[in-house]
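Next, two complexes with chain A in common: one pairs it with chain B, the other with chain C.
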Partner chain A sequence: MSIQDDKAKEVSADGAAGPIILFFILGLAASLVFGWVIFPKLLYSQKKQPIDFNHVLHVEAVDEGCESCHFFREDGSFSGIPELAQCVDCHEEAQGEDPNEVKFVEEYVANGREVPWLVYARQPDCVFFSHVAHVKEAEMDCGTCHGHIGESEHSRVYEENRITGYSRDIWGKNISGLKKHTWERMKMDDCAECHATKEIKTDVETLPWPINWLPLPYKKQTGNQASVTTVKEACFVCHK
Partner chain B sequence: MEIGRRSFLSFIIGGAAGTAISPLPWKLIDDSSIWSQNWPWTPVPPDGEYSQSNSVCTLCPGGCGITVRKVDDRAVKIEGMKGHPVNDGGICVMGLSGLQLLYGPTRVKTPLKRAGKRGEGKWEKISWDEAISDVTKKLAEIRSKGESHAVGSIVNSDSGTVPNLFKRFLTAYGSPNFMTMPSMQDSYNMTMLLMQGVSAQVGFDAENADFILSFGSGIIDGWGSPVRMFKANSAWKVNGKKVVQIESRLSNTAAKSDKWIPIKPGTEAALALGIANVIIMESLYNRENIESQSGFDAFKELVLNEYSTDNVSSITGINSATIVSLAKNFAQASKPLAICGKGQGSTPGSLNEFMAVHALNALVGNINKEGGVWAVSESDYIKWPELEMDSIAESGMQKERIDGAGSEYPHAKSLLNRLAEVINSGDGSLGALFVSDANPLYSMPDSKALNTAFDSIPFVVSFSSYMDETASNSDLILPNHVYLERYEDVPTPGGLQKNVIGLTKPVVTPQFNTKNVGDSIILIAKALGGSIADAFPWDSYDACLKETLGDKWDVLEENGFWSDSDSKVATGEFNFYPDAMKSLSSFSSVSIEGSTISYPLVLIPYDSIRLANGYIGDPPFVIKTVEDTVLKGKTACVEINPKTGKELGLTEGRYAFIHTPRGKAKVKVHLYEGIMPGIVALPRGLGHTAYDKYLAGKGCNFNELIGPAEDPISGLDAAWGIRARLTKI
Partner chain C sequence: MKEEGKHKKAKKYGMVINLDECTGCGACMVACMAENNVPFREDESNKLDSIAWMRVYKLTNGKSYPEADICYLPRPCMHCEGDHGHSPCVSVCPATATDYNYETGIVSQIYTRCFGCRYCMAACPYHARYFNWWDPVWPEGSTKYLSPNVSPRMRGVVEKCSFCFHRYQLAMDKAYLEGRTVLEEDEYQTSCTQACPAGAITFGDLNNPEHKVHQLAKPDNKHGGRPGNPNVFRLLERLGTNPKVYYMSSREWVRQAGDNYIDNEDFAKNYRH
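Right after this comes the complex of A and B.
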């Protein structure tokens, strides 16, 4: 190969470096925009709640905060989103002129039809979550997991993941999966975060029947247990 | 600017780099995994209302309480029932897998009548009416010939309403041949009878004992009520109690014990008496209380004359110092407890051994004491009206039992181990046989001989829920509901020191065209008419059960169990030296079959919590947990000491044949330091030919290799092994 040829090659290589870097940056930028901005928009469909619900208004009108409507049943199970029968106690007829209330009364109360609320925090079927253990036993705030929903005047848009069918609230609003507050994500890691660090208060588990003739190991020990996620059969606590 | 190939590639690389640092791939991975879980063809139990039902597991005699989680009428998970006096929330691998026995492929779905030759697997589906009338016709025919005593039944135990319905039926029909599957409970019951003069079940206050001397009992291998023993064992560990395991093989129990003492198999009784010798010589017993008990002088004489430490050391192969220190530790513990019954206790074993071990307990004064052995009065809730027998029944009941129990062996109630030989040698015959809740063609020693005996019984009726070995060799199958579909009482499990009655409840509606065996018996009795029908005044089994349990019913229905607030102890006069012990004056262990020349090795069985060896076979989940050193592929492994392996030229993983006087099987060699040289160990619970494809054809059945050895006093099967030979393939 001659010296001239080499020179020619250097020149052409120098000349091509600019576009190569440029295209690299273009590709990088395009994919970043796609990944961070367009992809989330494509991934989630936007759904409106059937009725725009004002939590602030309701919280003001009741005495016991969240538990006035989202209450625990006598057996300790959690009622979740109120059923029509509960709402009817106050809303048998429209109390004001808010178009949402009118719509609620006309479409649902009058027809005896349950409101098909979209549940932001709905977990997969394999997940068993006990509200009573967290709210009553561990004395946690509703807001720790659900955020400031009680302070909302309008229902947020419900974003449904087109692939999984679950609410965006599970993965979290932030598409990167990072969160600033405990209530911004509801995946298993987020449960584990608390359970791995916090001690859980356990009272003595008394046996339901008097079988005092049975000594250890039938008498349960008092004391704190490191975490429900580290004990034997821990998986089955949440995954039945 | 020229957009060339390089620019394009650069764009792609930039794009790939950007994509990698954007959430897109990571989020898609997560989403697609969730998406794949929700594919419509992914098997998911249908959604429905969640509920829980409390019941009792009857897969083994342990009597554990279970809580079954349901979605609508479908059971989805079995858990141990919290607060149950037997297992308090615990459950074993078998109990956990019970749903596979409910929904699995091995169920008999409708009454079946044999269409081909016996055992050929050809069946004709018939209706229940037809099935009941077939049985009735045959029974009426036998009875009309005056051969009512030639009808027998084999059930799992002799307590509870279902076994008692069988017994009542046979009595009203005119046959004494009510037989039960043997177990260590038979030997313990006889020990109670001979040494304490009571008809009682043995109970161990295991949780309160602080020194446990186990003569080969598989405490964590399924002995007694398995979950309870697991829990007791864990509590001993936590609280620093001592467990000494005497066993010729390093079983799981031995491995977890505080001290493992290997012993020449079959010499456990001698060791117990050797320990008694030290306790008496060193005056480590309460002289005042013990010496006044009847038979003590004779016992003392026997022990001092025949069982000196040196003598016992040469019999058992355990050195004298160990025996002495063992005896001292045992006697000086505040709540010592000696137990026996090898492995899971599924064979009765030598009565001498049980009596010698019981004498040890008596010597340290722990009978009916906290942390000791209790004589628990058998549950007495079955109070049915006296039945009236007609003349045929009366004459039938006066005939001797085919197995010699009550005549040849006066103390025995049932000696199923003798049935095969009696029939095969022509000393007796049966015209019809009922088998319920038992699989004798698999689980009786020398199962092949029993199979031959079955061939000569013209009419075999199985009430099995599963296509097990016995059901597949029967003429008619009247399938019972499985335990999750029926009501049945579960009497106090063996080894519990208090009476706890359980109630199995229908957790789900019956899946197939099956019938509670109790109902089948009542229907057959009613169809036979006369005094037999009169003996069964109930409309249905459930009505009978409810009436029988009386005021306990409501508690049982609600809680799943009923327990006595205080103990019901059977008290009788203790006798250290019943006549039956005389044979111990010249100790020879129960001799096992085979000559030492053609069979230089000794084959012993071993049990594992992962292998069920009774009526129920391992469901698929459980058989999957069996280790490679127990079952490799389709071949069972034998354990031999590396020394034995070297002598025979057998290396790890080699295939070999094991020969015994009773049979031959292909096995794989596993060299194991935990077994004494000269001994071969084979797991029990493998080698099924029936059930489903997950269980059948895996390994070999130990029971085909061993023959029964009659205990000279009890008549029960006392075989602890058999001589054997290993040959290379």
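Right after this comes the complex of A and C.
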């Protein structure tokens, strides 16, 4: 037995090491290419919006910025993507010669049919998100979560995760899950990130130096506790 | 929580159910199922498998004709506070899928965190928790009638009454828009409260002396929320679960039925400490 083992080792050490390493490197490269390039293409379907919407043009024409079309209803709910009724106020008839507008008027306004917009930021069903709490109560900008969407001249391609059915905006464009800006990802961690830092900044006052180095019990809470914190009891605030 | 209380008064939403007025019609059960997308099956006769966040029980005093009496007892989740938020179910959950919210006093259930061990069901002395043995099957077309404010549950998770928490969320949205952070009594009411034709259910903030629930139950927060009204009782009071659902009845045998007693025990003496 032991003689045979020694022989096997000799063989592998002499002739097979090179091919094994080469095979390993090739396999690794192939896996990386598959994981980082091919898999995302297979995972996400590419869908076009029914109408190519120009935000720049509209923002110039309206008075109240984003809230002209994306407004709060009286009951506190958020209109999100506007209904046809809002568009009809201006677009009862085509105002220009843009083929997108003509298509919109002919296919949707004339027939009284709602446009089946694809919602980039739609969250899974278990998520409760209150726009009014963030925009009115916390006075946040739309752009913090949605990015500079008001500066887009064309609707970008909507990418749907074929397995979950969620928009790619939730996971983020970067397949590794890295992000540079707050609006590049919309996962639970991204909500938590902001809520965790907010709590520290607004609600905890540390005693002045030199006692500042003392551990947590010496931090005292000041002002109103934000309704959403990272403490254990907060799950039901954002889940439904 | 203690620090929070200094700045913003914690609410404690709770219920008082008048058992003398309850007719046992079951409207609360129906309203609850419709409001909360509670799944149902073709054959609902096996009550060990079926789900009802609100369930009406029938009590009898066990006596024969001249003294025979019955009483119907609707049972939602009791949203036990226990001792400082140590509800029986919250303290056993290994997944933090259920927690006690000090701001509202509501015991949550996060379906996406629950992995279905059912420890909470074993811990709950009120049988208020139910397990989804199957994925919900909605009859064709009925998905359009589901409430968008409550997420439907999947097979393998536990669910229970949430005091219609989504209604609290929606009411808060309206309050925020109007620049308020405090709700009026009638802005947040549960579905069963509004559906009861006899008006037997009262819902509100037990900590707010202006709310009707507080006036009816007169809860003594220093002694685990014990009711101050002699006609008011809670189920299994002596377990120390500190539930937030109070029952009211002028009949002593009904009040007595809310707990267990050993033979020859003096109810009046032991119950009122």
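Some observations on this one:
In this text, the second predicted complex is superposed on the first by the 197 of 240 C-alpha atoms of A that agree within 3 Å, B and C clash if a C-alpha of one lies under 4 Å from a C-alpha of the other, contacts with A are read in each partner's own complex, and residues count from 1 in each chain.
One rule holds for everything that comes next: a residue touches a chain if its C-beta (ideal position, glycine included) is under 8 Å from a C-beta of that chain, and two chains touch if they have at least 3 such contacts.
Remember, predicted model here, so these are calculated numbers, not experimental data.
When the shared chain is aligned, chain B comes close enough to touch A:Leu43, but chain C does not.
Of the two partner chains placed by superposition, only chain B is touched by A:Phe24; chain C is not. In the superposed model, A:Asp125 lies in contact with both chain B and chain C. Of the two partner chains placed by superposition, A:Gln95 touches none, neither chain B nor chain C.
With both structures placed on the common chain, the touch criterion links A:Ile175 to chain B but leaves chain C unconnected.
Touch criterion met: A:Ala133 reaches chain C, while chain B stays clear of it. Overlaid on A, the two complexes show chain B and chain C touching the same residues of chain A, namely 125, 236, 240. Interface residues of chain A, counted against chain C in their complex, comprise 72, 74-77, 125-126, 128, 130, 132-133, 136-137, 220-221, 223-225, 227, 232-236, 239-240. Of all residues in chain B, those touching chain A in their complex are 1-4, 6-8, 10-19, 21-24, 26-28, 30-32, 34-35, 37-38, 44, 47, 69, 76-77, 79, 82-83, 85, 88, 207-208, 231-232, 234-235, 238-239, 498, 559, 563, 565-567. Every residue of chain C that touches chain A in the complex is listed here, in rising order: 3-4, 7-8, 85, 96-97, 99-103, 106, 108, 110-113, 149-152, 162, 165-166, 169-170, 172-179, 181.
Chain A contributes residues 16, 18-32, 34-36, 39-40, 43, 124-125, 161, 163-166, 171, 175-177, 207-211, 213-218, 236, 240 to its touches with chain B in the complex.
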